[in-house]
Every structure is written in C-alpha cells, then in structure tokens.
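These notes open a run of structures that come right after.
Shared between the two complexes below is chain A, which has chain B as its partner in the first and chain C in the second.
Entry: the complex of A and B
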C-alpha cells in the first residue's frame, strides 16, 4: 500500500466520520507530472488526491484560508509541517484546527526537466516535524552540507558587483506579490503593500519601489523564515529571493546563536522580537 | 590636497557645488536633546544633516532608511540612547538587533557601509553629536552622490512571432516530451 493509497483511504474516512470538514492535498492535471493543490469537502472526491514526486506546492498557507470552515485535514511533508508550525506559533490557526497526515519526502521534481527542484536540493527537513499520523515511512534523507552556500557566493563579490547584481534583480521584479502570497510567514491580515492610503510602497513598478518592497518583505519575515523556498519557486521572474532570506538568517545565526525557525510548537521567541543585554555592541 | 578633496575631484561628473544630503533620525529623549545642547553651546557642525525626531530608536522602521535613500538622501544616520538608558527601558535593545541585521542586509545589497550608520549619543554628549555628524558627512562626501538606480532600465522587447507558423505552434505546456514521443 503506497502513501498515496493511505492518504486517499484516510481522507475518505476522516471526511465520512466528520472528523474534518475539508481536506487539502494535491490532484493531477491532464498529466501525472502536473499537480495542483486540491481542497475537498466531499468524501467521494478522495480518489482525486495524489501524492507523487511532482507535488511542488507547499500546502501550509491554504490552511489559513480554509480553517474558518471547520477542522482541516492536510497532507504534510517537511516544508508543509514547518509552515503549519509557523502558522500555529504566529497564532493564525490553532493546533486543534488541523489534522495532519505526514508523508516522508525525498524532494519533488520540476515537471518540465524532471530535475530536483532547487528548494528541495537545499531542503534540510524532508520529514514532517509534527503530524498526527504518518502515511508510509519517513524518507530520512541526508541534510545538504552547506546551508549558506549561495549567500557566501554573493558575499565574495565586490561592493559595486553586488550593487549591480541586486539592481538587476529589482529591475526584473514585476511586483506581483506571489512571494508574499505563498509565504507561510506572511500572514498579516492586511499587508503593508495593500495599505494604499498609507502609501508605504508606491504603485509604480520601478527599481526604487521594488527594492523597498523586497527589503521590507525580507525584514518582516527575517527570524521566522522556514526556508521552504516557496517564494523562489512561485516567482514568475525567477528571482533569487532565498539569497536575501538566507542572508538575514545567516547573520542572525552568527550574531545571536544558531537557530532554525519553526521546528517545534514550543520554540523560543524569534531573534528579532527578543533582546539580550550582552548582545555585541558595534554602534558605540 | 586632503584625501577627501582628492576623492571628490576623482569622481566624474560631480559638480563642485554638490553637497551631501544626510538624514539623521534622532531619539527624542537622548540624541535630539544632545543636538539641542550642541545648539545651545554654539557648536558648529555641517548643515548637510537634516535632523528628524523619532520617539525612540526602537521606533526606527527599516522602511524609513530605504525610503530616504530612494528619495535622494546620500546617507542615513540613526541615533538613540546608550543601551541601558532608554526612556522606554528596552526600546534601543530591540533597535540594536534590528539595525545590526538591517545594516548587514543593506551592505549585502551593495550599499557602502558609511552611508548607513547607527550611533548611541546621550543627551549630554553634544560634542559626540557634533563629531558624529561631521565624520558621517565627511565620509559621505568622500563617497560622492549615491547612484541608486531608481527607474527600470530600457530594454528591447523580444521579436513577436507572426504568421502561420506562430499560429500552428503548439505550446510546450500541452505537449510534454514523453507524450509526443
């Protein structure tokens, strides 16, 4: 019995028993390698669910949207489960609101090239960190050795090179806010970019406004980023957003001690919402 | 010729009349009072600095810095009470962490470290305020105007395919390799 069969059977049971009102998983499109997230409320739809190596979407953010309808059943891998932990720790949802079926993940593949996605090649936790039950075995894949490799590469550039590099990035950005929409950390009821009257960020699409948006986004998710890499995958312009997110995580690690966000439900408060009297002093 | 003058003449296209524009975000309880004291003591410091009062250095939003640089400032200075002296007890401890991270992020993005500086200046340190402002303005003057790209550079659009060939072309999404083979 494969993990997919277990998921279908359990989803049907849960929906029939009324233990959950909605179930979130993936379904195939016309071909097996095209999958989209699927939200079902009817037990007869359970056979539409799939779980294969082309399930590229991380589901965590959908929990926030459907949790108002009642208890949500979900399939979770490493990234999904850490997203759920993030939502719970940010008090967006409660632990009782979700029923999690864990699957071990060995990485998902690009539907066109068949190669392992970048976010999965860099993934450090393929197996769920929380779940109510496991469907199939944990994948237990080895962690990649270098967490901040791409950050080091940029840091080695000279200052004008880095300036040119990121200006190129911002010149490409079309500010569709896809990176915000998929991010499990971006759960403000009203995002600053939508506050048109306050006019934090202008409506023009130019390098200055794109820089403003991008840097603010990075500072907002700084110590909560779960490194799922969804922002980069969702970006239609293929911008290297994780190079920014990981830079902040790397600095936080270097300055305030090693940490990894959203690994447990009782994690200590984020590095930027706490302080220490003995933090290093460089502004004297 | 001083180092500063040598640097300035080396920059191409910078008019002699150019003056750096530096914005200083000052905490109401310490640095703003310190700046006031500098004024009372008739201390001279460059007029290039624009002092803006914020209630506490913990109020310092990273967005203010990006906006200032985007809108034409050449340097940004953030000042607050010494750690331990905050009027709101802990505000500058939070600011310290946040600004340390943000400063590194800006430098990673290619901003010169001198253009964004943070200093703790108490209400009695009028001399330190004057010295800080003078050194920041001199450093920014030596760097020259901040050449941030603000607009999208012009680029050529790819040629639009036309004619029957384009009409008959099958989008790659519809026909993956394994099916067509």
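Entry: the complex of A and C
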C-alpha cells in the first residue's frame, strides 16, 4: 500500500467517523505533474487526494483558516509539521485541533524541469517532527551540510555591493504579499502593512517602501522562521527571500547559540522575546 | 507587406530615438517584462507571454498625480504632473492588446475620462506580434481572442515562420510602417496557425454565474486561496488603484498605485466596516468581475486568456478550472 493509498483510506475513515470535519491534502491540477492544495469535508472526495513528488505546497497555514470549521485532518511532511508546531506554539491553534498523518519526504520536484525544488534541496527535516500516525516510512534523508551557504555569499560582498544587490532585489518586488500570505509564521490578525491609518509602510511601489516591508517581515518572523522556503517559492518575481531569513537565523545562532525553531511543542520561547542576564549586549 | 525575421533587429535599432521610448519584451534581472530598449537590451520575441503584463505602460504601478505645498502667504498650491511620453511598444501579444480594449473601456468611456490614462494612451503606439505557438497556460482562443489578430493594434505583425505579415491598422500605424520602408518588402504570406492545448468553453458561463452568488463553489475555491495579490498584479486587465499621499510638513505628493481586491484592506471603510470581510467574498468578487460583471457593463470578458495567473498562482488556483466547473453545473 502506497502512502497515497493510506492517506486516502485514513482521510475517508476520519471524515466518515466524524473524527475530523475537514481534511487537507493535495489533488492533481490541470497540467501534467501539477498539484494544488485540496480541502475536503466529504469522505467521498477522499480519492481525489494525491501524495507524490510534485506536492509543492506546504499545507500548515491552511489549518489556521479551516480550524474554525472543526477538527482538521491533514497530511504533514517535515515542513508542514514544523508549520503546525509553529501555529500551536504561537497559540494560533491547539494541538487537539489537528489530526496529523505524517509522510516521509525526500523532497519535491519542479513539474516542468523535474529538478528538486530549491527549498527541498535546502531542507533539513524531510520527515514530520510531530504526527499522530505515519503513512508509510520515514524518508530519513541526509541533511545538507551548508545551512548558511547563501548567507556567506552575501556576507562576502562589500557594503556598497550588498547595498546595490538588495536595491536590485527590491526593485523587482511588486508587493503582492505572497511571501507573507504563504508563511506559517505570519499569523497576525492584522498585518502592519494593512494598518493604513498608522501608515507604517507607504503604498507606493519603490525600493524604499518594498525594502521596509520585507525587512520588517523578516525581523518579525526572525526566531520563528521554520525555513520551509515557501516565501521564496511563492514569490512571482523570484526574490531570494531565504537569504534574509537565514541571515537573521545565523546572527541569532551566533549571538545565542545554535537553534532551530518549531521542532518540538515544548521548545523554549523565542530568543528575541526572552531576556537573560548573560545575553550579548554588544551594542550597549 | 512582409518583414523578414533577420530584418527585425535592424528595424528595431532604427526605431529607437530620443523623441520616444521603445519598449520590448525582455528579461530584466531575471524578470520577464516590457522594458525600455537601449543599446544593451536583448529583446525576447520567442517567449509567448512576459511575466509582468504591459499595463504599466498606460497605468504605472505607482503614478504621481500632483504635489502640493504652502507658499509664503500660507496658501496651498497644487502642481500638476504629466509624465506621459511618446511610447512605442514592440512585440505586445494579441491577448495583451485585448486587455487594452478592456482598459480603454474602463478609463475612457461611460462619461468618465481618466486624464492620466488618456494622455498615456494617446501617446502609445502598439506593434503587436501574433503568436505562432502557445504556452501551456495560454487559452486566449477560448476568450474570443485570435492569437494572430489584434484589431486595436496600430501595426499587426502576423508570424508566418521566417517572416511577418506587416499590416498597418490605424492612421498611426500607417505613419509608423511608412518609416519602415528600408526594412520591409511587398508580399503576403499565410500566417502560422497557433495551436493551443488549453481550451475552455465559455458557453452559458456568464448567464450561469448570474445565479451563483451563493453557490458552494466559491467556498471550495476560496478555501485554498492565500489572498495574495499575485493574480491581480500579473493580470493585464486588473485596473484597481488606490489614491494616497506622502506628506511632509508643508508639502506632499499625491499618488495612485495598483491595489488588489484580494487584500482585506481594499474594501475597508472608514468606521471599520468591511463589506468583503473574508476570502470567500473577495475571491468571488474577483472571478465575478472577470467573467460576469464586466461582461454586463461593457459587453466583453475581463479575462483575455493570457494565462499569467494560471502560471504564477502560488497555490495553482486556476481560472480555467473554475470556468469548466461552472460550465459543468447543470
């Protein structure tokens, strides 16, 4: 029995028994090797679910939207499960709100080129960090060695080079906010960019406002980023957004010791929201 | 008249001059868009559709409207802007030309003339290149667009394999083509037939949508939508904008910028009421506007079948599947 067969069978049972109200997975899209997220409420739709190496979307964020309808069943790989941990630890949802069917993941592929997605080549945890049951075996994929390779490349630039580089990046941004909307850490009830009365960030599209938006978001998710890489994948303009997220993670590692966010439900509170007498105070 | 493909670049180099800006489809820093042609520009006429639509030539993402300040006597002064310039867009596709028909309707008809748009439109010359082949996501033929025809283009270049048929379609186009004499020759060739693998049937869809405001289809569709603005900003016909200002102490700039019906803030009213509070209402509005409301008001679809949203939606929310699903409802 393949993982997909198990997922279909279990989704059907969970919905039929009323153990969950909705079930989140993927279905095939119109094009070859295309998949798209699927949310079902009817057990008879369970056979639409697919699980293959083209399931590019990380599903965790949907739990936030769907949980108001009742208990959510969903498929989780490493990235999806860390997203769920994030939502629980940020008190957006409760652990008992979700029933998680884990699948091991060896990475997903671009439907056109067949190549491993960048986010998957950089992924450190392909297998679920939490789940209620597994469909199939863990993938046990080895971790890539260089977590901060891209950050080092940027750090090697001179300050003017770096400045020009990021000006080029933000000149391309169209401020569609796909990076925010796909992010499992971006769960503010009202995002600061939507607070028009306060006008934290101007609506005009230019390098200054685009950069201000992006860097504020980076700092806001800093110690919570699960490194799923969805922001970078979703960006229609191909902005290298993970370089920024990883730069902040690298700095936090250097200042407070190595860490990875959203690996367990009892993780320590974020480094940036807690205070310790031995904290580095190099700027004071 | 015909233009051989070998003569295309020599012609283009001849067209660029100080008196007007020439825009061509190209890659700018990895983003495919219509960009100003200069010496180093490598146009890409093989790519069917640019990622960014050409609408910013007429309707920039951010456009200064006027600036204001206070003079020595304490009275306000308003300084108007008109930054429109003579522009030639070379290599725009038939679907994008159709999008300009839609934009013209919105910005120039029914008694409302948008001066910024009107100025830019008057100064824009469009040279359309027909499509010999289609991208996987192209479905313009299903949306009443012929991939080798664009009646509103000033000049139409039909792709015939090694040559283009050159057809001047407007007085502006005739002036343009008259200046191309050294590069074109007499003749007419049969255009290549553009095969599109993606097709939908719009038959009955507009009328059916009329009665579908409360149909469960909107919940099924919107539940996976992220509510980002990718589809609206990459759409060649989406034209919503917001007006805002940058204020300093005694002066400021009023500008308008693209806005998106996908954003919750888009419909937020003074006092805090939001008539489209959830994703469902926003997604429904977007597709209703594309496929029904615009048809009712202007007699045409606001979707031109360019396929950009189908290609770039981060969750593969696909308007062609919606059209099929609506068509399949009994």
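Note that in this section the second predicted complex is superposed on the first by the 281 of 284 C-alpha atoms of A that agree within 3 Å, B and C clash if a C-alpha of one lies under 4 Å from a C-alpha of the other, contacts with A are read in each partner's own complex, and residues count from 1 in each chain.
Everything below uses one rule, namely that a residue touches a chain if its C-beta (ideal position, glycine included) is under 8 Å from a C-beta of that chain, and two chains touch if they have at least 3 such contacts.
Just so we're clear, the structure is a prediction, and the values are computed from it rather than from any experiment.
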{"item": "Overlay on chain A: chain C relative to chain B, clash or fit", "value": "clash"}
{"item": "Partner chain in contact with A:206 - chain B first, chain C second, else both or neither", "value": "both"}
{"item": "Which superposed partner A:31 touches (first chain B, second chain C, both, neither)", "value": "both"}
{"item": "Chain B versus chain C as contact partner of A:171, first or second or both or neither", "value": "both"}
{"item": "Partner chain in contact with A:238 - chain B first, chain C second, else both or neither", "value": "second"}
{"item": "Which of chain B and chain C A:255 touches, first, second, both or neither", "value": "first"}
{"item": "Partner chain in contact with A:194 - chain B first, chain C second, else both or neither", "value": "second"}
{"item": "First (chain B), second (chain C), both or neither touched by A:18", "value": "neither"}
{"item": "Comparison of chain B and chain C by chain A residues contacted", "value": "B"}
{"item": "First, second, both or neither for A:70, with chain B first and chain C second", "value": "neither"}
{"item": "On chain A, the residue positions that both chain B and chain C contact, one per complex", "value": "31, 171, 205-206"}
{"item": "Of chain C, residues touching chain A in the complex", "value": "28-31, 51-52, 61-62, 136-137, 198, 220, 223-224, 226-230, 232-234, 242, 244, 246, 255, 257-260, 263-265, 268, 279, 312, 314-318, 320-321"}
{"item": "Residue ranges of chain A in contact with chain C within the complex", "value": "29-31, 34-39, 57, 61-62, 65-66, 168, 171-172, 174-178, 180-182, 194, 196, 202-206, 230, 233-234, 236-238"}
{"item": "Of chain B, residues touching chain A in the complex", "value": "62-63, 66-67, 70, 83-84, 90, 93-94, 96-102, 104-112, 118-120, 148-153, 172, 176, 179"}
{"item": "Contacting residues of chain A [partner chain B, same complex]", "value": "31, 33, 111-112, 154-155, 159-167, 170-171, 200, 205-209, 211-212, 215-216, 218-219, 222, 244, 247-248, 251-252, 255-256, 271-273, 275-277, 279-284"}
